[in-house]
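As structure tokens, here come the structures.
After this come two complexes, each holding subunit A, first together with subunit B and then together with subunit C.
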Partner chain A sequence: MLSNLGNIILFLNALITLSIIYISIQKIKIKDQVVSKNIYQLSLFQSTLIISSFFILVIGFVTSDFSMITVYQNSHTLKPLIYKISGTWGNHEGSLLLWLIILSLFSFLFLVYNKSRPGNFRIYTLIVQNILILGFLFFLLFNSNPFSAISPIPKEGLGLNPILQDPALAIHPPLLYLGFVGSSIYFSAAIASMLANYPGKLFAQSIKNWVLISWWFQTVGILAGSIWAYYELGWGGFWFWDPVENASLLPWFAMTALFHSLLVLEKRNLFYFWVIILCILTFILCVTGTFLVRSGILNSVHTFASDPSRGIYILFFLSFLILSSVFILFKKFQTGNYKINTNSKETYILVNNWFMIFYLITVLLGTIYPIFTEVLTNHKVSVGPPFYNTVIIPIVVLFLIFMSLGPRTKWIKDRFQDFFLLIKLLTGSILVNFFIVIFFKSYSLLSNLIIISSLFLIFSSLLDLISSLKRTNTDFSRVISHLSFGFLILFIGLNHNFSFEKDFNLKVGEKKKIDDYTVEFEDLKLENFKNYKAVVGNFKIDNNKKKLNLSLNPEIRIYQQPSTLTYEASIRTGILKDYYLTMSNIDRSDYYNIKFQKKPFMLWIWVSVILISAGGLVRLFKNENKIS
Partner chain B sequence: MLTKKVKSRVYLISLILVSISIALFFILRSLNNNILYFKTPSDIKLEKTVNYNKIRIGGMVKKNSLKIDSEEIEFTVTDFKNELIVSYRGTVPNLFSEGKGVVAEGVLSDKNFFIADRILAKHDEEYMPPELKDLLKDNVK
Partner chain C sequence: MKIKLVKYIVVIFFLFVISVFFIGLKKDSIYNTQGLVGQKLTEIRIDHFSEKKIINDEDLKKSKFTLINFWASWCGPCREEHSFLIKLNEEKNLRLIGVNFKDKKNNALKFLNELGNPYDDLAKDELGKHSIGFGIYGIPESILINNNLIIIKKFVGPLNENDLNLIKETINSK
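Moving on to the complex of A and B:
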């Protein structure tokens, strides 16, 4: 019943999308510049329909309607309601439906929010966006239909992977998808801007808020995923340079480069084609990311159930997007005026872009390298964190220094001044680093450089903040984001160097002494929950020197549908450090495998990222106020 | 003669090209130093010399091969043709058990003994690293 309704709505949607494209092309042909009422109505109808089809799927999940394959494969009657709902987008088909909602909704909103822009620019944007919608709609209908029926109807579902039954992972996909798919609208607008000859400043103004919105969601989405990895995967890290993580980071680099360049385009009317290239690149990387994740071509610890036929379709669509956008780009490309002064804000923003592109290429190469070696030499390889650490971290030092200098420079042309101030800041950073070294004992040269340069960025941003408080036209968003980025690198550096980790095996009742800490395994309890059983360990951590005495309770959860074990870490989050304990059992043995970790400043890593994203929000609201 | 404008442009372009190629050179070199090859116990047997670089190995954990004391875990990895003893200090991921697939990262100490520093995590019991899937296809018919 629901399955039929869903299918009908999807087909209707395809028809509406086709008619929007048809009407729009007719308008372009007769050079009609007005976006007529029927286009608005169709767009609104399109968004409403796709949202209602999504709700039908949600209803299917909530009522456990196992006549739909998707529900059968990813749900179970005993699952808590919230995970029944989040199960809707926790699988491939449902998440594609979410993808379509965002495409359609952004298409409609862009149409509504740009009423003052020329009609042909808006109509071209609409056409490109609807071609994207159509492409993904066909993919959904013919390859990954969430409403496919199954008969005979199974009595019970297979259940959602327990590791995904988690609050952070319930919100992680929608956030990341808003970032990924949000970039589609400025891809469409970039193509439209070339086709409709609507370049420069005005184009920059039309897309800047959309870039910020998608960047914000991308940032917060990555954060939610990292926090989840930290407490759920049980190894205590939050970033592993895994292909799936990299797939979300690649567009983030492109977006960050993009909104910096947009500033130049808006203020100085420079870099127009570079901005266009970045707009196209961002969305292409988003689709590529989806391809890498969904096709199963890469070996990842996060690999979801994957299917090669999905990969082929996405690959085909991706090539179509790349070829056609590159074709349009070459056709419309004109060499512009790129004369900029070396010591100007423009140059520094360009430098930022070079760094972003460097990171992007590094991460991209590391991610896809295993595919090439396997095809060319038949060797199976994987690229581990050491590659990223050796290539990226030394460059971060330079990046942070440029990031401190850039904002102090004026537009167009600046003279070298404040030289002594910078020397003072640098001395200050080295001094603080010196105290950190004394307090925590020594660490590597590279870590020293990272900490000095991040302190340098923090100090110069703080000065920036103080001086901008005196002025009226303050740019809080930049100061907040840059300052927090400095803190982020500082805390990651400190965390990396002063984390403490020990693995050992214990039986119930045993004690283990590690440095000043004593870990005591007091007892085990068996608890029953609605959809799982849990073995809860009771551990006492003592430290006589620091008068520390805390009890941690890691769990082993035994799920029945599907039958899986998960290990829940027990984490005591503190202002200065986290204590982290995981326990796992081993076959045919009384021993339990214990991992005890002390992780300094974890909380502040999360807070820094939240503040970085807050900077973006401040800018967004400021832009909105300026318009109204 | 080249005009001043053209000259400066040539300089700029060659500077950019040189810096791009240096960057690419370093990225690729570091990539080559940091890739991990995936090998099976049979691959290791077939090699003439023992290679002490870090690698990944994979296969099935042999039934009744797991030994544990308070410091380390020892087990045998098999691809149904050859075997390799693995010793490991650390926490094992979800679903590590006898008779199931495993991928471990570490170094060989000789042809029959592997010291792992990481056992890879998996998300669900149906998921199997692509390497392992191919391996089982070849050896178990």
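Moving on to the complex of A and C:
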């Protein structure tokens, strides 16, 4: 029943999308500049339909309607309601439906929010966006249909992978999709801007909020994923340079570069084609990321069920996107005037962009290098954290220094006025770093540089804040984001250098002394929950020097559907540090393998990222107020 | 002219990347070292655990069969398979080499004192780099080779009763 209804709606949607494209092309042909009422209606109808099809799928999951393959494969009657709902987008088919919702909704909203802009620009945007919608709709219908029926109807579902049953992960995919797919609208607008000859400042204004929105969701989505990895995966880290993580980071670099360049385009009418390239690049990276993740071409810790036919479809679509946008770009490309003063805001923003592109290329290379070596030389290689750490970290030092200098400069031309102030700041940073060294004992030269440069950024952002408070036109968003970025790098640096991790085996009743800490394995309990059983360990952590006494309860969970073991870390989050303990069983032995970690400033890493994203929100609201 | 050339290069670049992706789709991306069975080990160089010498191809050719076992004191399953290694130590046709993987010397010695030392020779791989040459991607892992340095069997994960019997059969059959 639901399955038929869903299919009918999807087909209807394809028809509407085709008619939107048809009507719009007709309008372009007769040079009609007015976006007529029927286009609005069709777009609204399109969004409504796709959202309702999504709700049908949600109902399917909630009522455990196993006549649909997607529900059968990803749900189970015993699953808690919230994970039944989040199961809707926790799988390939459902998440594609979410893609379509965002594509359609953004298409409609862009149409509504740009009423003051020329009709042909809006119509071209609509056409491009609807071609994207059509592409994904066909993919959904003919390859990954969430409403495919199964017969005979199974009595029970296969269940959702237990490690995905987690609150952070329930919101992680929708957030990331809003970022990923949100970038489609400025891809469409960029193509439209070239086709409709709507360049420069006005174009920048039309897309800047959309870039901020997608950037914000991308940032928060990555954060949710990292928090999940930290809590759930049990190795105590939050970023592993895994291909799937990289796939989310690549568009983030491009978006960050983009909204910085947009500032220049809006203020000085420079870098138009560079902005266009970044718009196209962002969305192409999003689709490439989807391709890498969903096709199974890369081996990753994220176990998405993979199917080569999906890969071929996305690759085909990706090639179409790349080649057609490159074709249009070449056709319209003009060399512009790039004469800018070396000591000006424009230059610093360009510098930011070069850094972003550098990071982007590094991460992209690291991610797809294994595919190339395998295809070209038949060697399997794996590019891991050491590559990224050695290439990226030293460059971060330079980046932070430029990031401190940049915001202080003026548009067009600046003079080196406060040179001595900068020297003072730098001296201050070195001094603080010196105290950190004394307090925590020594660490490597590179870490020293990272901490000095992040302190430098923090101090100069603080000065920036103080001086801008005196003026009326305060740019809080920049100050907040830059300051928090400084803190983020500082805390990551401190966390990286002063974490400690000990692995050992214990059985119930035993104690282990590590430095000043004593870890005591007190007892072990078996508990029953609705959809799993858990072996819960009770550990006492003592530290006489610091008068610390806490108990941690890591779990080994045994899920029935599908039958899996998961290891739940027990984490005590504190203002200054986290204690992190995991245990895993050793077959045919009374011993358990224990991993005890102390991780300073974890909370502050999360807080810094939240503040960075808050900076983006402040900018968004300020832009909105300016308009109204 | 110059711009035209750039355009061609860009298009060719993208086509190249896309075709590599296309071919890559058809390859099996799951890392699997079972394919190593039947292959010959070459240029072996592993450091001896306590002495300043290197175990190389010539050393390994001396005995009819060698089981190279990769282990560490921090590895739980290694503790579990240890009793089987001790049983294998009694086999005359088999030389047992333990490669201590990314471990601290003291901890490793403590481990062996506690559970016994089944190895005829003990080697170390502090950084885990040499083990890669043997196709090791996690421990415990063991590979059984003959005096031609051909890998006969590969055991991923802790050895169990079945593996033990299999090894005994293999080394005593000829």
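Assorted remarks:
By our rule, the second predicted complex is superposed on the first by the 628 of 628 C-alpha atoms of A that agree within 3 Å, B and C clash if a C-alpha of one lies under 4 Å from a C-alpha of the other, contacts with A are read in each partner's own complex, and residues count from 1 in each chain.
Everything below uses one rule, namely that a residue touches a chain if its C-beta (ideal position, glycine included) is under 8 Å from a C-beta of that chain, and two chains touch if they have at least 3 such contacts.
Owing to the predicted nature of the structure, the values given are computational and were not obtained by experimental measurement.
When the two complexes are overlaid on subunit A, subunit B and subunit C occupy overlapping space and clash. When both complexes are overlaid on chain A, the residue A:Ser261 reaches neither subunit B nor subunit C.
In the superposition on chain A, A:Tyr591 makes contact with both subunit B and subunit C. After overlaying the two complexes on the shared chain, residue contacts for A:Thr582 are found with subunit B alone; subunit C is out of touch.
In the superposition on chain A, A:Phe291 makes contact with subunit C only, not with subunit B. Within the superposed three-chain model, A:Leu376 lies in touch with subunit C and out of touch with subunit B [touch as defined at top]. Taking subunit B and subunit C in turn and counting the residues of subunit A each one touches, the greater count comes from B.
By the touch criterion stated above, A:Gln218 is placed in contact with neither subunit B nor subunit C.
In the superposed pair of complexes, A:Thr282 makes contact with neither subunit B nor subunit C. By the touch criterion stated above, A:Asp503 is placed in contact with subunit B and with subunit C alike. Counting contacts as defined above, subunit A residues 296, 299, 380, 382, 503-505, 584, 586-589, 591, 593 meet subunit B in one complex and subunit C in the other.
Looking at the complex, you find that subunit B touches subunit A at residues 23-24, 26-28, 30-31, 33-38, 56, 66, 68-73, 89-98, 105, 120-127, 129-131. Touching subunit C in their complex are the following residues of subunit A: 291, 295-299, 308, 311-312, 315, 318-319, 322-323, 326, 330, 333, 368, 371-372, 374-376, 380, 382, 503-505, 584, 586-589, 591, 593. Taken in their complex, subunit C has these residues touching subunit A: 3, 7, 10-11, 14, 17-18, 20-27, 29-31, 74, 76-77, 79-80, 158. Interface residues of subunit A, counted against subunit B in their complex, comprise 161, 163, 233-235, 296, 299, 301-305, 358, 361-362, 365-366, 369-370, 373, 379-384, 386-387, 390-391, 503-506, 510, 512, 562-567, 582, 584, 586-589, 591, 593-595.
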